[in-house]
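Two complexes, one shared chain (subunit A), two partners (subunit B, subunit C).
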Partner chain A sequence: MRQSRTRSDINKILDEPEVDIKSFDTIDQITLRLRKVCEKVSATFQCIETSLFLENRLEVENRYDLIATTFENWQGKKGSYLPFKEEGLTGWVLENRRPVRISNLSQFEKEKTNLRKEYEGIDWKDSFKLKPTAKKYLEIPKGSILPPLSFMAVPVTNDRKLLGMIRCCTARKSPWFFSKGQLELLKLVAVQIGRVWNDWLQNIEDNEEKKTWKNFVSNISYLNARVRESINKGSVDENTLYKQVLDLAGNSISQAESMSIKLTSGLKTHEIFPDETPNSSRMARPAINTLRSGKNSLFVHQDSSNSAVLSVSASDKNGSAPNRPANLGNSDSESSSSGGELNIPINVQNEMVGVINIQASGSKPFLPNAARIAELLGQQLGLYLSLWHSEKQQRQVFEDLWHQLKSPVGQVYARARSLLQGITYKNWHPDDLEIVNEIRTEVLRLRSVARKAKRVAVNAGVFTNLSTKGRLSLNSKAVGRLFSRDAERILTEGYKDTEILQDTYGIHFFFNGDSFKRLEEIKVRVDYDFLEQAVNCLLDNANKYSFADTAVTISGSEIIKDDKRYFYISVRNKGFRITSTEIIKLKERGYRGSDAKMVTGEGSGIGLWVVDHIMGAHGGQLEIIPTTSEGWTEMRLLFPVLLK
Partner chain B sequence: MDGDEAALPRFIKITMKILIVEDDKLQFDFINNAFSRIWAPDKPEIDRISTESDFRKKFHEIAVTNPDLIIMDVMVRWADPSPNIPVPPPEIVEQGFYRAGLRCVKMLAENEMTKNIPVIIYSVLDKSDMEDEIPNLPNVKYLDKDFDPENLKKAISSILQP
Partner chain C sequence: MNQDFAEKLSLIVHSALQKKELRGVVDVLKNVVEGVNAYGCVLWVKDPSTNVKNVSRNRSLYVFADWFDEGGGGGEPIREIPIEESANGLAITSEEVIHINDLQTDPRTFKGDYSVHSAKFTSMCIVPLKFDSDQTNATLSVYRRGEVHPFTPDEIGFIKQVARVIPSLYQSICDKVGHVLISTKSWMNPK
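Moving on to the complex of A and B:
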């Protein structure tokens, strides 16, 4: 009986049937509805005041705004709020999450000891000297004593999470105190308010999230199209790209106050600050298309202190998952009013090249989707950079190959023409050995230069093949069994042509022809064009990177490696040291060691990468032996020995 | 021939001094031979520098010798391979070793003693790729390295007798 009466009272207060939360789009609509609840509470309990303080987590966390009150002079103005740590009865309720009921506040001083026993830590610092306006409101004549004031307040919670509190005060002239039953009723009202408020917040967050994602997807599609166009044109302006990504972050994460991109490689910081001042209507503001106008942003470059990068590194060291966004804010902390900070790694091919740093305003927390959006932006930027660098590298390789090719081709043409002129106009006889030798020398130079051109051209072909098809296949017409005489011819011509190209500092090639005789007894199949290419590359490297007055040895031998039998061609030289850690890098496209960079004026850095693929296509491998203590560095071309 | 040279006794022969900054031996040989034909029978005195570090080391010498012409390759290596490579200054490491020749031209242009030496930038790189890096001076010309002695001859004539 008692229960049904209570339910009926609540229904009366909350105006059942249930409120359709989804119909409330703005905070004004929900607060108007909650004010009606406060009025009904006041009417039911005959209160002079009923006020509702709730945390609006969409705006500020850990602050309890006055959402609704029956005070007439409040007039729905915003800005009244209850700091969490406020002293007094309301602060006590929030802090302790317990309801409180005081029969007569005017007797507070008298009953303080008993009250403190029941409500540990409670305090009431007001002096009860009411302002004239309040006395007027309470219809208390001047000079009259304070009428009995009864007070009760109940925390508003949902799923054990504190959302705020509701408080009532009655000041009837005859003794009239709130009863325990009324406190129980207010607790039920508070539960209902908590559910309504939470549902409303959740609904707004869901709507906001949907809107944000829709906006994000649309903007990212637009950005993708622009980046793709720029990459195709080869005209990516990295600064513009960073600005566009930051604009997108600002556009998609409504709490973002300032954003920056900090790169580890370029030692540059790219920062952007939306010029909008955060305000309560931010949540409902229309999306500003900074991608197109760019006028709402300030874009700053400065030397980077890499603080954000360091922060991420530090958090990684402390055990959080590497390469994941780090939320450095303390928005989870109830005692903080800080909006928080996100640091999102930018990875290019599994290597962190920088971070996107996003900071929320002083009080606004990030919505739950902010970290996910930021993470996606970090991944997207990493992808753009990766694509762009790959495209740039590809263009650079072709450009380098063109320059490498232009020089020998020009020389071949000019030397051939000059030779022809000499033969035509010189008064010479075929028996004139001096002239014949002169012509022979020049023809050898021509072959040497032409070999260089051929090597570059084949590199270009392999590079194109691998870039388009992703793999290299042997040309069946060029494949055949390798005999010692063929190996000897290819290697001898190769090193002799290389010798002609070498400068004055003297590198001596030693060829061990006998070591190839074994090829008559075992069966090794090779693509002759690719074999020549691989050999030329190793000889060219030996020539370029050997120290003056040293030897280069060329030999062949057999080896069993990982239970497989190979015949290998070895080129050993004495030059820059190669460590075991550098070996993998040497086979990467575009890699050149720091010493190698200093002694070559040109080159594309794809030589060993090509050789590695050539050997892979043979079912063999390029083996690089680190420099020995005697200074020998060895490169081996391992070809599988076939069963007869 | 200017007034001073005209005043010299006839038996003193003025030999042109040409410095070729080129790291490729065969290309140097080619240019050298082309010069022999251009100035035949009076072959000029040719010096060669093959690395950027050597150019820097010999810069004072270049300023004093004051060659009549410098043929400058662009993609010149920093040094020859050796266990003790001269350590490049940090700014060069940062810029990279790719266009060393242009740095050498800049050095010449910025020095009072060398800024008027005629320089031909002889490169396979397109002029448009390095337009911003070539000093805008009347004595600095670009010539595409097409190995045509006639083009080289024309470029030399235009820079020595503007």
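Moving on to the complex of A and C:
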């Protein structure tokens, strides 16, 4: 809509059936046309100079380059520009976004007070050296009278955005003064220039953006395929992955001068710089490794900095080069302090693990799509890491489960073999109670070891189920009403097996059987296999994390929570503290896996995660009560009480 | 105003309305000079960038446009005269037409080198006007040189009529110039 309006306006001004701004591919083409505009304005107003200064936002923001001029002394002077804060008449026009018309510059000092009533704060320091300079330019002999030196300037805007200014100086012949009418006309010219310039910039930006996105999509598809392949092989080299992502950022964001990935953990910072660009030398970079990628040589750098500040800084709006004679600077010899920086968070499962930092070159601002591309790269990298970590975790869990299963299975085999040998070869009598007790103890050991093996096997099954289906279902064959005797059996066997199997360091289990009598009056349905699994996990944890010579109590009770009635099995112990902030994390996969390994040498970190899912499948809850001031930590398995 | 001057005025207006350059206003001045058989004509204005009503000391009138027979007769061209010490300034402040029989002897006139020695102005007719302003800020000054030859009442009437229409004529020229400027085909045509 905006474009068609602009096109129509342009056609109206130009009295042309079709003028295609899109045909101007280069700045030279558009400036040539704008030069013709200046020439036309100069001819119409009989000016000695008409100059056009425009902001080329594709190159530098807030700097107004001399795009076209009829003033011979400035012609061909490439790279001349007006800084935004230029002191003087043109600077006043840019800063105030108002037109100015001064009839006779040679009277500026004399008329300054009056002029300031109309143009607040206007000043022009060059007024003192005007006469000799003007005489030189106008080739008027010394001592001769100057003609009136008229001046007018108008800001060039589009949609309220300042794009630059056009100015006219000094008539060649009478009429000598620029009139109000001429100023109005110049305003009209400025409006049209604003539209044409903005249209041209927009067109270049659109083309650039299309090209960038096309390139980005193609590159990211390639990277996706590579990462997927690496994940499937189980051999993702994270350093290579970071390099590939930064390489992609460099290829897709043309203004990017240096890029880095800063990770909040692992004490790593990865940085990539395009090789040997003129501005890259001003950045400190203790490179330890050089990698080749595409046409650029890239440095991958690691240091101990792990801080990441999330911020997006815009270019320095006041960044400007010092003033130059005749209000002109030169971009060839000076670097602007503008530019930009993008810091994009990398999130893995809702947690920020780092940032991608992209810095623009000293003068070139980012194109509007740069932030979006960087954001997508951040998300993509987060996804890659998430997939890779998940894959790694899964592999680790299976490996841990395998080790956990291997040990009890081996023990069962060895103990059963040994028991059979004893029974076969020992000369014993069935009435020999001592031997019978020995056999019973050994069988109990066998049961506890087998129970452990069963627990690991169920865990593996649940884990597989959850990994593939994302949810857990109860086995209808194993589901039945829970009576007190069953609860007592499962819990008693559970803690006894725990005592038998593990070195309990004087940890004593107290079972309150009476508290389960209530189960005769209320209806609670459970999957017996899963109940056993959940109970054993809680007892195992209580045993693992309790201090020596402390008690673990097991009881049952009823509770109403959120208007729902539950029967719960409680396991309380005194040991490692659990804070309220840890409660949610405890139910996550792998949270205490490493702690468990430190305590017992085994543990996959999926125990409570599995229990949580088991309780969910029952319509119940795993409730973890943070450690009380008396040191009690309690875990409850809440089963819904069914209506009769 | 007699028939002859009425026709001259009509021709001036008609001719000015055909102009497509700002320079057209100079042709109007030329037509005035020729119409009254004078030597030159100047459109004087106060600095138009200021809209100050009270004229302060040391302020000047500047040439907005001028035309002189044979290019003005050599010497430094006239560019600026003081408001306080000139008949033109007096015409603006009094807002009355001033007729000078002889610039060389009239005490109200500014006697600059160009006026007295180069151009040797004598008779002069000054009409105040509002030019591009809502205040009297300009004069149309018609000059004779050499022998003293005062302007007749008909000539003064003619000059007054031209002065009355000259701001509108200039505005009309500006409008035409503007139209030409913004409708120029060669502006952005890529051909």
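We take it that the second predicted complex is superposed on the first by the 385 of 644 C-alpha atoms of A that agree within 3 Å, B and C clash if a C-alpha of one lies under 4 Å from a C-alpha of the other, contacts with A are read in each partner's own complex, and residues count from 1 in each chain.
The rule is simple: a contact is a pair of C-beta atoms (placed from the backbone, for glycine too) under 8 Å apart; a residue touches a chain by one contact, two chains touch by 3 or more.
Being a predicted model, the structure only gives us computed values, none of them experimental.
Of the two partner chains placed by the overlay, only subunit C lies in contact with A:Arg33; subunit B stays clear of it. Note on subunit A: of its two partners subunit C and subunit B, the one contacting more of its residues is C. Looking at the shared chain after the overlay, A:Phe510 reaches neither subunit B nor subunit C. Applying the stated contact rule after C-alpha superposition, one finds that A:Glu111 touches subunit C and leaves subunit B untouched. Considering their complex, residues 403, 406-407, 410-411, 413-415, 418, 445, 448-449, 500-505, 544-548, 575-576, 595, 597-602 of subunit A touch subunit B.
Chain contact summary for the complex, subunit A toward subunit C: residues 10, 13-16, 19-21, 23-24, 29, 33, 36-37, 40-41, 44-46, 101-104, 107, 110-111, 114-115, 117-118, 144-148, 173-177, 179-182, 184-185, 188-189, 192, 196. Those residues of subunit B lying in contact with subunit A across their complex are 23-27, 30, 50, 73, 75-83, 85, 88, 96-98, 100, 124-125, 145-149.
Residues 21-23, 25-26, 43, 45, 47-52, 58, 60, 62-66, 76-77, 79-80, 132, 170-171, 174-175, 177-178, 180-190 of subunit C are the ones that touch subunit A when the two sit in their complex.
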